[in-house]
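This is the structure I want to talk about, given as structure tokens.
The first chain written gets the first letter, and so on, giving A, B, C and D; residue counts start at 1 in each chain.
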Amino acid sequence: MEYLEETGDQGKGHGILLPGKGLHEECGVFGIAGDTVAPTGDPDAAAITYRGLFSLQHRGQEACGIAANNGGVITCKKGQGLLQDVFDEKTVLRLNGSSAIGHVRYGTTGGSNLENAQPIAVSHIKGNLALAHNGNLVNAATLRKEIEMNGGIFHTNSDSEIIAYTIVRERIGSASIEEAVKKAMGIIKGAYSLVAMSPRKMIAARDPNGFRPLCIGRHERGYVFASESCAIDAIGADFIRHVEPGEIVIVEDGVLASMDSGLTVSRSLCSFEYIYFSRPDSIIQGVGVDYARREMGKVLAREKPADADIVVAVPDSGLSAAQGYSDESGLPNITGLVKNRYIGRTFIQPTQGRRERDVRMKLNPLRANVNGKRVILIDDSIVRGTTSKMIVEALRDAGAKEVHFRSSAPPFRYPCYFGVDVPDQDKLIAVGRSEAELADFISADSVAYLSHESLTRIMSEAGVDICKACFSGEYPIDITEAADTSVFDSPIIAI
Amino acid sequence: MEYLEETGDQGKGHGILLPGKGLHEECGVFGIAGDTVAPTGDPDAAAITYRGLFSLQHRGQEACGIAANNGGVITCKKGQGLLQDVFDEKTVLRLNGSSAIGHVRYGTTGGSNLENAQPIAVSHIKGNLALAHNGNLVNAATLRKEIEMNGGIFHTNSDSEIIAYTIVRERIGSASIEEAVKKAMGIIKGAYSLVAMSPRKMIAARDPNGFRPLCIGRHERGYVFASESCAIDAIGADFIRHVEPGEIVIVEDGVLASMDSGLTVSRSLCSFEYIYFSRPDSIIQGVGVDYARREMGKVLAREKPADADIVVAVPDSGLSAAQGYSDESGLPNITGLVKNRYIGRTFIQPTQGRRERDVRMKLNPLRANVNGKRVILIDDSIVRGTTSKMIVEALRDAGAKEVHFRSSAPPFRYPCYFGVDVPDQDKLIAVGRSEAELADFISADSVAYLSHESLTRIMSEAGVDICKACFSGEYPIDITEAADTSVFDSPIIAI
Amino acid sequence: MEYLEETGDQGKGHGILLPGKGLHEECGVFGIAGDTVAPTGDPDAAAITYRGLFSLQHRGQEACGIAANNGGVITCKKGQGLLQDVFDEKTVLRLNGSSAIGHVRYGTTGGSNLENAQPIAVSHIKGNLALAHNGNLVNAATLRKEIEMNGGIFHTNSDSEIIAYTIVRERIGSASIEEAVKKAMGIIKGAYSLVAMSPRKMIAARDPNGFRPLCIGRHERGYVFASESCAIDAIGADFIRHVEPGEIVIVEDGVLASMDSGLTVSRSLCSFEYIYFSRPDSIIQGVGVDYARREMGKVLAREKPADADIVVAVPDSGLSAAQGYSDESGLPNITGLVKNRYIGRTFIQPTQGRRERDVRMKLNPLRANVNGKRVILIDDSIVRGTTSKMIVEALRDAGAKEVHFRSSAPPFRYPCYFGVDVPDQDKLIAVGRSEAELADFISADSVAYLSHESLTRIMSEAGVDICKACFSGEYPIDITEAADTSVFDSPIIAI
Amino acid sequence: MEYLEETGDQGKGHGILLPGKGLHEECGVFGIAGDTVAPTGDPDAAAITYRGLFSLQHRGQEACGIAANNGGVITCKKGQGLLQDVFDEKTVLRLNGSSAIGHVRYGTTGGSNLENAQPIAVSHIKGNLALAHNGNLVNAATLRKEIEMNGGIFHTNSDSEIIAYTIVRERIGSASIEEAVKKAMGIIKGAYSLVAMSPRKMIAARDPNGFRPLCIGRHERGYVFASESCAIDAIGADFIRHVEPGEIVIVEDGVLASMDSGLTVSRSLCSFEYIYFSRPDSIIQGVGVDYARREMGKVLAREKPADADIVVAVPDSGLSAAQGYSDESGLPNITGLVKNRYIGRTFIQPTQGRRERDVRMKLNPLRANVNGKRVILIDDSIVRGTTSKMIVEALRDAGAKEVHFRSSAPPFRYPCYFGVDVPDQDKLIAVGRSEAELADFISADSVAYLSHESLTRIMSEAGVDICKACFSGEYPIDITEAADTSVFDSPIIAI
């Protein structure tokens, strides 16, 4: 994928600013529910959360936060930037408590503001509640207006606050926080994988479609929840299973219980979790990410072959698919591009001219390996086409005789309302362009995509029903309420 | 006053942590209502607010914030520390808008947290609302519980959020924001001087007792509001008048209007605004602070004379009163203590032993002036007695033959529920001790206070009815609701 | 004095950029020589140095530094800004050693660079040497050229490095460091009060003229040296005496010894140490600063009376002199200007227009006290005249009927080569203007200075011979070498 | 290689603290010589240097710096940490000049001090000189003592200052800076690749052995020099050639000239530049790094085969060699370990127990790919063995049936005096252990190294004579002077 400004793209979370809408909340979540909620002077739950989030950093680099629960007192630290920018040892030492939740957030360009950082921590009639989620509601505006009509006030422009408000309002007439969450899930619509922390319990839940992943592990200190299984591995915990779509998981006094929301819809996991967001070593809904990517590469090799000498991956996003393409085609998989591992939040002063070569600060061709070669270049996708074009040109400068671009994702053509940051349609290079036109645009000898039918089949054979909305425009749930976003027109901005 | 950790005490705001209660909000507020609310790309209102707050910095050093209104979009920056720690040019440049409000906050020791910083900015059914106030509600817990019973959620432990909620809830059935403020003033009880900013208006209001000051000025860019008149002077604006107790002032399209809350109670301005908090060049409710302090010093000289050679002030808090004492007694007013102007948020590593001399990092006796002299030492008050004791001893070390301590404030003996940070009664040195016992405690030859009857008379003759609660225990309004603070027991802490 | 940008002016150190010359080193120095030089794991010497420097902060706010000696290993931390900006607890904890020296530095406007911060720490054939000094050499260029001719390299543009080089070169043929210092003192010319630290000794020395002050104290941990006695007081040490002009003081193994440089010239202490730089509670060369200032005020009252109602000081620089003027004239000394104690390193965004009122951010007239009054306004000096003019106008705006400006310093008319930051002559308002013309320029009803003859007499009667060069142009030592500064033309700048 | 704390190991520079010796200077250098040296207000040379260093960041993360030459005035900024920590846009904008040099520095563990950061900038009799180098002198102590005997002083403990001093001293009797550099090269001994900047010229030079790389490129703004060719590519410049061992390259007025030092010894490029330090896309002395690594992998496959199912690389250090091993052996090259791209200067709070799993914060096995497989694990080297052991165990936990460790470097057994950070011999796991004993130590089924004869042959066939000292103990130059390091015993430490 084409994000020159990124810190790494081993798998990436995305925020999104859909036309006329508040900020989408694409991200990574983590939680650890200590086996007891007695007050503690130690920050171990926060430290484990920090480590878990560290393995989810690829899902969001704009902001992050951790909230710890110390016998009902919630201490929360949020800030802009990477975990290493926001947290130091001294800060973590102040986050006492036996349970904690955390969040990393991907933000849209331009705005590096604080108001929508998570977790959100609020006080209500039954005590405190902290909440972090990944996803995007499609009826956020409707719900917010209704709450405001009843005298509600909002401190943020985020879905998290709407979810928290909805849970709190249902809590009044409910016997328990989990019952309130269940009722709230009947009200909020869209994509969400959430972890919430009440004075005595931790709740994890996924929307009935299961748009966003969420999994469960067991650490020696208690049950853990994470967007991806790689975070479970990183803290030395054991992977248990995924939270099911529509499921509510409750941990209280070290005991894990499950509750069904009773909401039934067809499942539609976001295919970009496999294509791009997640780390290759994560297992999402039972399917390994590296495996899925290699399968995409294999099918791509069969469906969209090219007469060439070598396969070259765009690192890191195209690595697994290139392996699959190579395995299937029999063409050698060669390192043709080297990535600067320090690209990140760095200031890069442009010099006059040669701006087109700027991509080389990030990716440098390995001339000896591509010179005189016909190259099949594999990336996960083409979005705006500008970076793809620069990479193709860099390879040609390095002596590549031909460059055949292959995308392991089908072409993006429709907006996403479930948390993926797709640019406006007029910026999507695939909209209204044939593969031949696209090849012309990015100066490649050919361009070809994996078909979305093939993608669906690959994932289906692996046991996962995916959401194809961004490829086909067929949305798995009603999105008409998503259009009215006037309630977000005058935001509050925290800097 | 005795705060070794302070940055200066030209006049000081105080936060307070009353027994079992959330944080009190003692502070300084400022607002400028541009003559138009059209969106603007310039941050002039924020820059003027910064300058105004700069002159109110003595009222609070723990946290500060500015919110600017740009055609209904509110941008807000809050942080811990002095203005110079939180704001730089780049930050102010992002605070676009023709109107702005700001706040400096005094916090209690230990907690340097962020959650109660002001202004508070919230979105509600009629748009955004930003609010900053100085004071303390006595029915905060009651109101918070009631709001939470209706599904309300709180992000802070502050009175500001309760006030904002109350206004927003009244706004639904009201024709205007000012009507909502008027109704809210019938509900909230206690001490408050507030400035609020709606998409099109700025509102300033004072509680009917008029516990805390608030004044109006006219700047070339629009009407301004400030806790003290020195901030009006500092920005080059013209002082107009004070907001009256119970008055609501509205600025819309550059026109100032006044509305009466209709709430009538006896007036009871906090006497510590004259004794200690405010800057000597400020005029509070028509009475100059320096004038009031000199009067206190004069009466003190008549009521509590001492056979001595010189009058020495504890800088800066005792300067004006010492002048009055000197003028009345005819004894020369001599510089006997020099204050380090850089004492502030500094790290001071204690060395072993001699800890009692630490006061000399802050105050150093001027030996040549006090050696061999009988000194009348004037300060505004004695709270815990420990610093007073160290100052007396430092003067003796420097050769003073006698030290007679005189306090221009009457003895503190009762808790304040209106925003003054009085320690627990068991730490108040004046509780249960005679002046003679006190002299013994602080190693002075004599100790004497201004009587609270005299203080009342001085202020009354100047035209101001003061609150004497902390001296007499007679509270001007019912404080029974202030006792139940269970709702604040499990706070949310932001770090 | 007129430095709107200052953090406080209780007494001020000054750097200077003389025409064509490197940076002058006006500053404050401090040192503590532990009673043993055995390696230690504790940073107590550094912590005491920090506290001592804290009381010298008024002598320099641009940069500061501390070097600690731990058995011959020197650890040094320098940085730009106030002590509280450069040092925190963690940093001081790394400065282990039983002896330490420190420095605060005043810099010229514009440049906030690091290269000339002190102490300087160097390694040479006999081990390490750290050095900090206050003053300015008049043969710096000559010495630097000579050292460079012999293959020497310079890392800074400072006199400190020249002094260090000279000592090190003399050290080779000397039996001891103190002998090397003595020989070096025969080579370097100008103003310097220095503290130096070798692996086993601490050396303090003053130039034979004694331009800059330096005093000795005794702390429980060892002997201490400081530019002003207030720093001795602040750390709880006992004042012993001043280092004599031309004296070399050595501390080794807790024993203090003295050595005479044998250099004899007439003494000429900088009069501005009394007039402006030093804190009023300091004793310089046996004379109290507050005392000297009050004497100046008294003589000024006799020599330059005015028909007026009140005496008003410009705080803080005019406070003591105003007291003296009041005492002598019998006119009441009234607080007519209130200073904002937080003015410092703050960002102040100018608003359009009314720029002339900006002085009110710093100084606000106390209208009630000056309205309708004929005011004698006392400051220590008039340099450029612009701030004086703004203060006079502010007083008139506040209702003062007349304003008579009195300066306790004689008029500046000549450049200083000994460490005082005097602007170019064409910016010195006193050059070529009569008192009447000056009154016209600053809009005062009259202006008058203390005559330099009177100043000389006052100080002489107190036992101090002062340098009058900046008033009379008669320099106490040959300054011809100071003119050639070509060697400093291409500086190295560290940012 | 085994550095859990690293930010990435695409190629790594190393500092070294040899027994009893000052800090070695392993690093990356960069320089751009503008076509004119006229003073300029723009910071383009510094900005290009920043970009060049950015591509050399893998060679050093402890400290960095840039010095710019503006008509003879040198502005220099140095600091601890990554480029993004030390430089922001504002800082680079102050580094005006048409030429600039820069440096990234790798430091030894524990010390994150400032005193040895480069470039070093000094003033001498002919103007200013800035210098940065990569490498380590073997006669540093001898030279330093000699300079100190002549009255020289040192501000750092670095070889750079010794080199600068030596050049400056030779400059006095030389007609030009390049002649002085040539003479200095006859005096200094060891490994160095340096760039130096005089008021009008830039000089680049390599020691006669050519231990460390240095190459030349042409940018539209002038000639550039860099440790690795990837930096030439990154700034959009054209690669020209390498600086030859013993060559001095001079750029003046945009013209490049070459001069021979006349020093002839056998060539001995450090083999670790190919094995580990350099980026795979760099060309060192005419040989591609990726190519060399793949060749090592191929020979390793032939020499040290294993009966296994798959080849797995330790990312990133083993990637190229694994490719070669796979190509030669015919076994598939599978992603079996995934690296967290955000590991860096992060705070990681250890939790109790399970510390052995900490490697998973950095490297996580991809279970699906290794489960049930016999794995050949390829890394560039084994140093202490502890990380290798943890990786082997992680693969076993993930189901690997067998793990055969193969190192593409021969075993380290001897200290390096030319800039590689080799631990003490007693920590080198290869010292005194057979491959079988090593397998036992790291819990692998087998361990095997590339033989150093094979490595020598591979590089020799590619046209490069390498230094084999760390493998064989045969040093290409006399290192006896390197033993006496007493002159560095009492360092100056800057924090």
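The criterion applied here is as follows: a contact is a pair of C-beta atoms (placed from the backbone, for glycine too) under 8 Å apart; a residue touches a chain by one contact, two chains touch by 3 or more.
Just so it is clear, the model here is predicted, and its values are computed rather than measured.
Chemist: Looking at C-alpha means, what's the farthest chain from subunit C?
Modeler: Using the mean of the C-alpha atoms as each chain's centre, the farthest one from subunit C is A.
Chemist: Need the CA-centroid distance for the pair subunit B / subunit D, whole Å please.
Modeler: Centres of subunit B and subunit D (C-alpha means) sit 59 Å apart.
Chemist: Determine the centre-to-centre distance between subunit B and subunit C, using the mean Cα coordinates as centres, and give it in whole Å.
Modeler: 36
Chemist: Taking each chain's centre as the mean of its CA atoms, how far is subunit A from subunit B in angstrom?
Modeler: 47
Chemist: Could you pull out the residues of subunit D that touch at least 2 other chains?
Modeler: none
Chemist: If you connect every pair of chains that touch, what shape comes out? Choose line, ring, star, complete or other.
Modeler: Topology of touching chains reads as a ring, each chain with two neighbours.
Chemist: Please name which positions on subunit D make contact with subunit C in the complex.
Modeler: Listed in rising order, the residues of subunit D that touch subunit C are 71-78, 91, 94-95, 120-125, 127-129, 145, 148-155, 157, 164-165, 168-169, 172, 199, 490-495.
Chemist: Taking the complex as given, what residues does subunit C use to touch subunit B?
Modeler: Checking each residue of subunit C against subunit B gives 7-8, 10, 43-44, 47-48, 50-51, 54-55, 57-58, 82-84, 87-89, 92, 220-221, 230, 233-236, 279-281, 283, 288, 290-291, 316, 319-320, 323, 327, 332-333, 335, 338, 340-354, 357-358, 360-361, 364-369.
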